[in-house]
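A, B, C, D and E are the chain letters, set down in written order, and residue numbers restart from 1 in every chain.
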Amino acid sequence: MMPKITRDQVKVPVDVLVDAREAYIDNYMAATRGTGRLMLFACDQKVEHMNGDFYGEGIDIADLDPEHLFKIADQGVCGVMAGQRGLIARYAADYPDVNYLVKMNSKTNLVKTSQDDPYSGQLHDLEAVLAMREAGVNIVGLGYTLYLGSEYESTMLSEAGQLIAEAHAQGLIVVLWIYPRGKAVGDREKAPETIAGAAGVALCLGADFVKVNPPVASDGKTSAENLAVASAAAGRTGLVCAGGSTVDAPVFLSQLHDQIHIGNAVGNATGRNIHQRSLDEAVRLTKAISAITLADASVEEAVKVFDGEADFSL
Amino acid sequence: MMPKITRDQVKVPVDVLVDAREAYIDNYMAATRGTGRLMLFACDQKVEHMNGDFYGEGIDIADLDPEHLFKIADQGVCGVMAGQRGLIARYAADYPDVNYLVKMNSKTNLVKTSQDDPYSGQLHDLEAVLAMREAGVNIVGLGYTLYLGSEYESTMLSEAGQLIAEAHAQGLIVVLWIYPRGKAVGDREKAPETIAGAAGVALCLGADFVKVNPPVASDGKTSAENLAVASAAAGRTGLVCAGGSTVDAPVFLSQLHDQIHIGNAVGNATGRNIHQRSLDEAVRLTKAISAITLADASVEEAVKVFDGEADFSL
Amino acid sequence: MMPKITRDQVKVPVDVLVDAREAYIDNYMAATRGTGRLMLFACDQKVEHMNGDFYGEGIDIADLDPEHLFKIADQGVCGVMAGQRGLIARYAADYPDVNYLVKMNSKTNLVKTSQDDPYSGQLHDLEAVLAMREAGVNIVGLGYTLYLGSEYESTMLSEAGQLIAEAHAQGLIVVLWIYPRGKAVGDREKAPETIAGAAGVALCLGADFVKVNPPVASDGKTSAENLAVASAAAGRTGLVCAGGSTVDAPVFLSQLHDQIHIGNAVGNATGRNIHQRSLDEAVRLTKAISAITLADASVEEAVKVFDGEADFSL
Amino acid sequence: MMPKITRDQVKVPVDVLVDAREAYIDNYMAATRGTGRLMLFACDQKVEHMNGDFYGEGIDIADLDPEHLFKIADQGVCGVMAGQRGLIARYAADYPDVNYLVKMNSKTNLVKTSQDDPYSGQLHDLEAVLAMREAGVNIVGLGYTLYLGSEYESTMLSEAGQLIAEAHAQGLIVVLWIYPRGKAVGDREKAPETIAGAAGVALCLGADFVKVNPPVASDGKTSAENLAVASAAAGRTGLVCAGGSTVDAPVFLSQLHDQIHIGNAVGNATGRNIHQRSLDEAVRLTKAISAITLADASVEEAVKVFDGEADFSL
Amino acid sequence: MMPKITRDQVKVPVDVLVDAREAYIDNYMAATRGTGRLMLFACDQKVEHMNGDFYGEGIDIADLDPEHLFKIADQGVCGVMAGQRGLIARYAADYPDVNYLVKMNSKTNLVKTSQDDPYSGQLHDLEAVLAMREAGVNIVGLGYTLYLGSEYESTMLSEAGQLIAEAHAQGLIVVLWIYPRGKAVGDREKAPETIAGAAGVALCLGADFVKVNPPVASDGKTSAENLAVASAAAGRTGLVCAGGSTVDAPVFLSQLHDQIHIGNAVGNATGRNIHQRSLDEAVRLTKAISAITLADASVEEAVKVFDGEADFSL
């Protein structure tokens, strides 16, 4: 069982203003369930991938109803549920205990990279988020996606840079999704040096966590070993890996264990792998993941949780 | 006869601030005539299609006078009349009882998609609408058109995202018109998965209603059956279908009945089909449509209303 | 002799806020000389056409001095003199009785449509105009030029839409110049359906008046007959025609008479035809035009005024 | 000897607000040394032409030190010294008696017109200038460069238009540099009709002075005769000519005399011709120029001043 | 031993407002360690060059941990450590004595100049920096990178111009990184006239220091001799040279000595050459550099410091 961290072990960045310091620690402790590790349940794909991630072959029919996401977050175990402001606004009243992370920008997948370099624009200002927080919604932080290497990189860097400064000043934590992509990046999207570079950029912007794709294996190094370089490059910004498309749960849990224990990731960011399953199975998978991320369970223990042979709760 | 909903059955999103909660419920009940269903009379085509929708072969000469639209809204039965701010400003004093929905953006049809991907820009800020509401104009909400898949998608997503947050904070309801369009979309504008994706995007932005084109029939499924998937993807955002070009009234009413009872649409958004007729005929059509949308009438009952053999009023 | 309208006959749009209602009626009555008809003296060509409209063959040498414009407006009869803010600022102190309409945007004619679609950008904010009005300058309204069908249409629609809302809130009237133009429009700039479409757009933006080019004759209909369709499409927005290049005065006056009495135009917008003449002749032409526009004179009566055989004053 | 003008002879434009009226007259009188004529010492080329105007063959080595410019302005005779805000900020404390005109925009000459149409962007807001004035720096006005006919013309027109309104409201004078340039202009940059058009645009924007290139001679007219047309087109905006590259002093003085006495220019704007010389020679040239501009000296008298055979001071 | 300058020898530019004057002098004295010379430790490459400057062949493994940079700045001797706001925010609480210079803009090296001209966008507003300063972080100034000759030059000039005005008004010093680059510059990036031009631009923007690349040797002149021209062109803006890629320490120190004593540079800006070494070696190199920059040591003395045979501290 992983020891909990204490409030004074939280390394509060200096752009968290004095008045917001306690709020930041509250949010950091809530998001990491008091462990310093992040189990992020990614629910922003209804824009990013449109309905293709929620309906079709191999996807449980329950996933067609957007409320499925909230049920999983509510009944399962996760640190934060990440989604667009509007999505959260429509359901949060019925799921008040979930920790919400507002994804500030999004794009659809209709325009492909072959047509134009990717740009994901900010959907609204921070005021719109703060107003919801003040109205009592349990918002602990923000998310923003950055496509480094896109011809629109500068706009995204600026939007992210400004948001992080303002969010920290208000005590909110910030998670960056960084995906190098565009004509300039080509097939090097998951090259180890690209991923490590992305991690360093997140640090320079001041993010609390950065979500990257797992680097490819290369030069005799496994993906997790290459990930360790990226984790080091991220410095005091915690690095977590995107989950990718749905795979067999034990395989997924094993990869996650390696990412954390070899790659020095400080958690996970998982979406499709969870919500494309039935509610019961999805709930069990969040618990299995959290057993690893939040309680240093072994792969075997986690698989038992997934299989319903053991339970995990906070 | 469809039972009315009560005020406390309205699912108020959490971005409606406390002070605006009663106003939002008022607006929602007014727009849906207390049913939760939306009968939207679309009157924004004088920009979108210029004069071609209002004058020419097959169009009643009455439609050339813009006041025709207001007479229909006033004498007929509808939930809201949607039009640009300026149009409303010129006539609303004489038609104070109509529920107005301000269409916030518009473009003409002069530049075709083959020349450039579509962008419809916001015509003015929200202040301009709130000032009119404060001056006593009966404005219940806003509309905004989004062309997903356009190279300008990000700008429209941002304008819509910000408007929804601000409108809800002020107690206004928001209807999105979402039409996937552009080089990236090609001939898939009405493909079922495209329409369902659009519906999910509307939810993530937090819209109250989304107006989409009816999906094509495909894979042995009718348009209405495909629509049911989109309605599910929209979650708590109500989905309604655009009416398209003028067709025979019984055919139109039958399609609408299917959209609602098979496709789970929560109403209709109809323009040309109504206003291209004489005032008397147009008024009867609004009543026939509303009989279906607002009172669960059968197609046969609705046709009788259209034919003047029965009346319908609220 | 055309009867004057009374103040309570002015149809004040609802975006004119309560505090600005009397100012709007004042401005409307001043601009239309109490008739509801507009005689607009267009003096914005020093940017639009640079010096080519003011110096050269067939142009009276008096026109080279910009003060010529103010002398005409002062000694002649017109409703408003339209010009850029800076031009007005330089001379208005010496011509305090002229009604000024500030043209808010302008472009030169150096970049041709074959090189790039036209965009005419806003030259300054509304504050700059209001400050001058507060300082006592007799400003009754604003003007803005829109090139529908240009690839920059959306920017101009947004600038115009916002300006109209703000100007009305301050009691100022607004005249739109709408010229469909650009690659998408090609040679249909003056097609009847294009002009009628432009008229409808002006209404949807909430303009008080719209200045369009006279449509071409077509399908057995004269230009004036085609204009009647556009006037109808404009609804409560008054339509006036641009004067175009200098022609013989009787021909010009006859065309104007037809525009008003067949085409239902509510006035005229004339520039070069007036100012390219000597002061005396220009003054007489403003009076001849105003005799038709503001007093329903016959062409014959107006020609007498132009010939100095009769006088016209308000 | 040219008679001085009195304060009440200054034609104050109506956009100079009442509170700023005395400041405007002060600045106008200071800039024109009480004559209504402008001797502008142009020192903005360190950005416009980079170091090429200040170092190299034919340029006195003294010109390499930027302080050279301030020494000339201080010891010589000129109306205003024009330079970028930052340049002025670095030296003004040591040269407090110079009248400064802040050049608000600038571009380098690295990107040629053959690569892209020119755009010179505003370097900072007006507040940055007003703060310096309030701190006691002797700032009398602003300058802005406009490339008419560039594809970026609209942005520069808007920046200039807004700045003039705000500067006048604060009592500052404004000088526009207008150079028609770009693909659309081609080799007509100095055509008489182009220059005259530029002059009219300056008036419509409300500038106090406009700096243009001398038009070419054409159609049997000299450059100065063609300039007279431009001066007339400028109306109440005073027109001055750019000096161009360094030429023999007597030739330069003769051209200036013609510009003023034949071309009706109201002064000069000279840079390289002055500062590329040694301090002593540069100082003498400013005096020779000022003798013509500010005191209606003959060319012969001015040459004597340049040759050190006569002195000129205010 | 170089004599210290006194507070009243600091040439405070006039855009430093009265209230900020003492803060500016404090910051200038701190950044230059009371010498008027700048030893800038450049730590912004984690964005500019991504992880390639921090991990790989020839780079000490210590450099992979971002905290390495702070340890060097803390234990070594430098004037300021330059890095992005977010990077500083994450570590400054543990390294409170370092003088921080916030690098306001950054871009990655993914998009090459062959694909698009470079633009480095501002990452956040100045408020975000001032808030951190108010919270007690030891921030003495700002940095901004300008790519002159890029097609995006105008945006960078405007961002830099505005930032300098605002930073000075708040008592912060500003260092510009100016690298002429883009299609228009081609292989003339380090041509002497290009570098000298860049220096002059920095002055016109009002920068306190400008960092340029050392010019190439040409026309029988060494790089340092050519640098002297640029230093002169910079006037009262201090010029320092970028360090470039890692070279042998004695060679580096010798080049620096020439830059200062032949090229009239007022310091150095060094990054990779320092941080790619082990902590001990890096610390010794900062001391060796500072011996030259801040104490006029000879190359031999500095090499001894680097070799650990002598120490240097302030």
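We take it that a residue touches a chain if its C-beta (ideal position, glycine included) is under 8 Å from a C-beta of that chain, and two chains touch if they have at least 3 such contacts.
Predicted, not measured: the structure shown is a model, and the values here were computed from it.
Student: Enter the minimum step count from chain A to chain D; a value of 1 means the two chains touch.
Tutor: The fewest steps needed to get from chain A to chain D is 2.
Student: Looking only at residue numbers at the chain C/chain D interface, is the share used by both copies over half or under half? Answer same or different.
Tutor: different
Student: For chain C and chain E, let me know how many angstrom lie between their CA-based centres, rounded off.
Tutor: Measuring from centre to centre gives 58 Å for this pair.
Student: Averaging over Cα atoms per chain, report the distance between chain A and chain E in Å.
Tutor: The answer is 36 Å.
Student: For chain E, which residues are shared contacts with two or more other chains?
Tutor: Counting only residues that touch two or more other chains, chain E contributes none.
Student: Quick one: label the inter-chain contact graph as line, ring, star, complete or other.
Tutor: ring
Student: Spell out the residues on chain B that touch chain C in their complex, using ranges where they run on.
Tutor: Touching chain C from chain B are residues 44, 46-47, 50-52, 54-55, 64-67, 83-93, 106-108, 110-112, 115-116, 119-125, 128, 131-132, 135-137.
Student: So in the complex, which bits of chain E are touching chain D?
Tutor: Listed in rising order, the residues are 11-15, 17-18, 148-151, 153-155, 157-158, 161-162, 164-166, 168-169, 180, 182-185, 193-194, 196-201, 203-207, 229-230, 232-233, 235-237.
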